[in-house]
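Just below sit the structures, each encoded as structure tokens.
Here come two complexes built around subunit A, the first alongside subunit B, the second alongside subunit C.
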Partner chain A sequence: MIFFQRLFTAIQRQVAIVLAIATYENNRKSTASSIGAWETIVGPLQLILFFIGMRVGFSLLRGSNRFAAGGTSDMYFNVVMFISTGFIMVFLFRIVALKALSGLKLRAPLYYPRIKPLDILMALAVNDFRAIATISLGIMGLVWLFTWSFQLDSPGLAFVVYMLTILMAMGFGICVTFLSNLNKWIVRVIKRLIARVLIFTSGIFFATFELPEYARPFVTWNPVLHSVELFRYSINNQYPIPDISFNYLVCCSMLLIGFSLILYRTNELQLLEANDD
Partner chain B sequence: MPEVNPPSNVSAPLHKEKSSSSMTDSLLSPDRSAVVWRERLKRVARPQTLISVFLASSAFYCFVIGRDRYTAVSEFVIQQATPLNTSAASVLAGAAAAPQVLTSLVDGQYLQVYLESSDVKTRLFPDSKQLEQDYSVKFPDLWSGLSANSSAPQQLDFYRKQLSVSPQPLSGSVILKTSGFRPEQALNLNNSLVKQSRRFVNEVNQSINADQNKFARKEVQLAEINLKAATRKLELFQEKHGNLSAETEQAATSSFISGLESQLVELKVEEAALRRQYRDPDAPEVSFVADQVSELQAQIREERKRAVSANGRDLNTLALEEAGLRSDVEFATQTLQSARLASDNSRRESQRQLKFVVVLSQAQLPVAPDHNWRWQAFLASVGIVVVAWGVGGFVLNAMQKS
Partner chain C sequence: MVGGLGPSTSGVVVSATASARPVLTFRNFSLRCDKSDPRISFKVPWNWEIPHGKKIAIITNSSFLRYQLIAGIAGLVPPVSGDLIAGGVVGWPVGGSGGLDSKLRISHSINFLKIVYGDCLERSCVSLDEFWALLLDQSIHPNLTIKELSKDQKEFFYLALSVLFSFDCYLFPQSKFLMSKAARQLRKLLLKQVEGKTIIATSSNGRFRSDFCSEGLVLNPYGGILYSGGLSESIEWAKSNLKLSDDLEKEDEQLQMGLDLQNASDDLSSEVM
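What follows is the complex of A and B.
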């Protein structure tokens, strides 16, 4: 009983630390921009709107033939909803992973020794989660308002997938941070890979079922695709998800976060950076 | 320093006195009691407490008092007896040249709308009271079920929640999931819906085929009437002009005139020969032949005039009129042949294109309750709290900072 009490107190303390760092970082960022804390959502929102415009344009060019081979994603989703669900998950992963790559420092002296690099990463993830959740809720709300059809078939699955994606991003970010300590070029390559490969293989613009069967293995290795497709499936249970597996997502998330925590535990000192410069 | 407790026998009356005085105080000063209650409420209404209560009540409902739900799943496909040719499409939609899977998908989508319709609900549950009884609310779970005296839209909404029809775009099959508070309820609903699907597919098929056949038969009848009318017109024409065929008569007249012309040529040759033979052009031999020539020419002119003039037989007009009537008869004959062929084809195609509901996986009696809804609902509660905290915190902070 005492053990659990101590554990609970420790978790509570750690949560308070992470939230305090998150608030500090948020305040710092809001003072650096003319639009305050809204800056966090403006960047991703711009990109989402640009890609929605592209997709709508292509749809208009292609025509509204819903009876192409195997049908199309617009049988199940509004085009805005389809693109934004993809972006929400990919951005969540991308931002959290890239933050870890950019260095875990607060740009302020760490007077308090209890603040560890992992706390900083978690605080940044909390801020990013809040921003992306605000965007996603806003877009979904608007779409539901305009189409007047509220649909969220499996809310529990949506929540779990969201959380697993955050865990996976954190795990991936920490692993890559250790790798990047070896060579600065690795950081550049990984950053480019995350930015390019991730966007084109994560199912932002396409649904897995729209791909021919022989092409699917080229993209289904990517666990972010699984989280995107499962998130869409959780909104509409009729959305087909061939070759997409919840277990694969769970395995990838757990392996990445587990491995990263082991790495972190054994090599924490490597991540400590001088913040007083 | 240890605290010295007074003996209990001494403290009891003191405590009693104290409590009685506080009771009097509270009775005498309602303001003070209001402050106390406000403080208590403030302590309870902290966000942490509210969230804990919300999550605890959600967990309590989902895992303790929530009624068991059973799910029955079946899978079937709307299949044609023989493969489609290129012109054949869905029996319900007009997608031309669609592959078999897509045709089944389109049929499945129509079926989905049909099974969720009020019509099917009324067929399965004609007595709304019976539906209310079958799915009545039961203590302690007062949330799920259908309340007594529910309205028709409420019943339809509840009925729709009990089933899920998912057409699969890759295989063309339809997955039908039904749920119920008892295993038999889920299974019976599933089986009834499969029956309704069969009925729907057969009924629509048969009615479309019957319509097609009726149309084809009507076309044959129309073509027969047209042919009869055209033939009758031709007969009347022939009767009126007292001949069998104007064209034949025209041909006969032409050949007769040709004969006269050839005779004329011979006589002209003979006349020329006689003119060379006799010096006097008015010799009786020459005059005789010359008279014959001029007579023959006059006869040919007369015959020609009689054949084509309006006052005469006017064979040209008659021949044209007759040709028109004959082509009408020919066209009507061909139309009748085509209509008969189309009717026969339609009859055969309608037999060939009959669709069937092929059950791939029959629904089984559920042996254990489905716990998916419990986890979905509980995790949704957690999700609501997390998202509200995240979004609310972000928006409030952003508004404060800007």
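What follows is the complex of A and C.
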């Protein structure tokens, strides 16, 4: 009983520490730039708006319905909803992964013996997840307001997929943090590679059912595509998701988070020593 | 003064508060001893423990070993081998400026540490009101950022932070500001705060040693224990057997704790695609 009480207190304290570091980072940003802590939201938002603008522009040039997603996916979503659901899930993953590849940028709190590198990685991820959640709720709210058609067929599935993507992003982020010790040019190449592969294979611009059957295996290996498509499916259950599997997403998330925690446990000291300068 | 232990290969490091256990236990513990060669470490790894309430002044003529000892116990540098098991809360180096970003406001910094070391604040004999009154006396207002403080204000602020929390083990790498006139009030509070607590000090300031420490531990540059006993006997022993430099404190200032723990700017926007 005492063991569980101690365990619960320790977990409670650790959660408080992670949230304190997340606030530390926001406070640091709030005095550093003119837009302050909003920077975390403004960065991804401007990129989402840019791609939505591009997609709407192309639709207009083609002369099709300006609210349509283009292709056959317009039967299920309007363009803003389609692109933003893709971006929200992909950004959830890529921000954490790319940030982690640069190593621990927030190192000063490690000065306090109670703070460990994992706390910092989790705190930075918490800030990103909060920002992306704010953006997604904002965009969905606006779309529902303008089209006056509220649709969220499976809220439970949406929540679970969101949480699994967070776990997967955390796991991938912790794994790639150890790569930050490599030569900076190699890290830069890996970073660009991950960014491009994620953008073009995660289903931001296309739906899996639009692809011919023989082309699907080239993208369905990517678990982020599964989270994007399942998230869209949770909003509209009519949306077809061939070759998309919830089990695959669960397996990838659990394997990544499990492997990353083992990797972290055995190599924690490397993160204390690593300095990308 | 120190209890011997058998060698162990245990990799488990426990951190909890329990006064029955020694505050620090070294198991096969070894640190770097040479700044230029990372392969040179303790000739005989440490296997001993420090009970609660001991106030030990470390006396050695190697400034790098003094730095490594404090940084190693604080967890800022990893040991070359072995483990350090903490049986209580080990504080950050007293007066250390490493953990807070200069862009943080004073109120942000205190709120952050209040959460991280909340349990140490609960049992502290210095109240937050007392702490804020001390800061306001020095014109350190809650809405100022750390970078806006003058050098003296910064030193006062960082020392005040160390005084505010009650740790089981205090680490003193330097004591120049602590023993200055400007820090008289803080010194009084700190003396009250460290009553019954463990102190590990590498500061060579004589007045500091006599005020804060009661025992001495003389080490050779490779971590070997040459002498341990009462403070005055240890100092005498070191004076007659070690070649001590005249300005040890100045040497220590060149080795600043946690210098590699600087926050870098986050430049993700340039890596968009």
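Just so we're on the same page, the second predicted complex is superposed on the first by the 250 of 277 C-alpha atoms of A that agree within 3 Å, B and C clash if a C-alpha of one lies under 4 Å from a C-alpha of the other, contacts with A are read in each partner's own complex, and residues count from 1 in each chain.
The working rule: a residue touches a chain if its C-beta (ideal position, glycine included) is under 8 Å from a C-beta of that chain, and two chains touch if they have at least 3 such contacts.
The model shown is predicted, which means the values in this text are computed figures rather than measured ones.
Superimposing the complexes on subunit A yields a three-chain arrangement in which subunit B and subunit C fit side by side. Once the two complexes are laid over each other on the shared chain, residue contacts for A:Trp38 go to subunit B alone; subunit C is not touched. Looking at the shared chain after the overlay, A:Leu49 reaches neither subunit B nor subunit C. Applying the stated contact rule after C-alpha superposition, one finds that A:Pro155 touches subunit B and leaves subunit C untouched. Contacts of A:Asn237 after superposition: subunit B is touched, whereas subunit C is not reached.
Touch criterion not met for A:Leu255: it reaches neither subunit B nor subunit C. Contact with neither subunit B nor subunit C is seen for A:Ile186 once the two complexes are overlaid on the shared chain.
By the document's definition of touching, both partners, subunit B and subunit C, reach A:Asn27. Of the two partner chains placed by the overlay, only subunit B lies in contact with A:Phe209; subunit C stays clear of it. With the two structures overlaid on their shared chain A, subunit B and subunit C come no closer than 11 Å at the level of C-alpha atoms.
Residues 23, 27, 31 of subunit A touch subunit B in one complex and subunit C in the other.
Residue ranges of subunit C in contact with subunit A, taken from their complex: 15-16, 74-78, 89-92, 96, 98-101, 103-105, 108, 111-113, 115-119, 145, 257-258, 260-266, 268-269, 271-273.
Those residues of subunit A that touch subunit B in the complex are listed here as 23, 26-27, 30-31, 35-38, 40, 67, 69-71, 75, 126, 129-131, 133-134, 137, 154-160, 162, 209, 237-238, 240, 242.
On the subunit B side of its complex with subunit A, the touching residues are 95, 98-99, 101-102, 105-106, 164, 166-170, 375-380, 382-383, 386-387, 390-391, 393-395, 397-398, 401-402. On subunit A, the positions that touch subunit C within their shared complex are 6, 13, 16-17, 19-21, 23-24, 27-28, 31-32, 43, 47, 95, 98-99, 102, 105-115, 191-192, 195-196, 199, 269, 272-273, 275-277.
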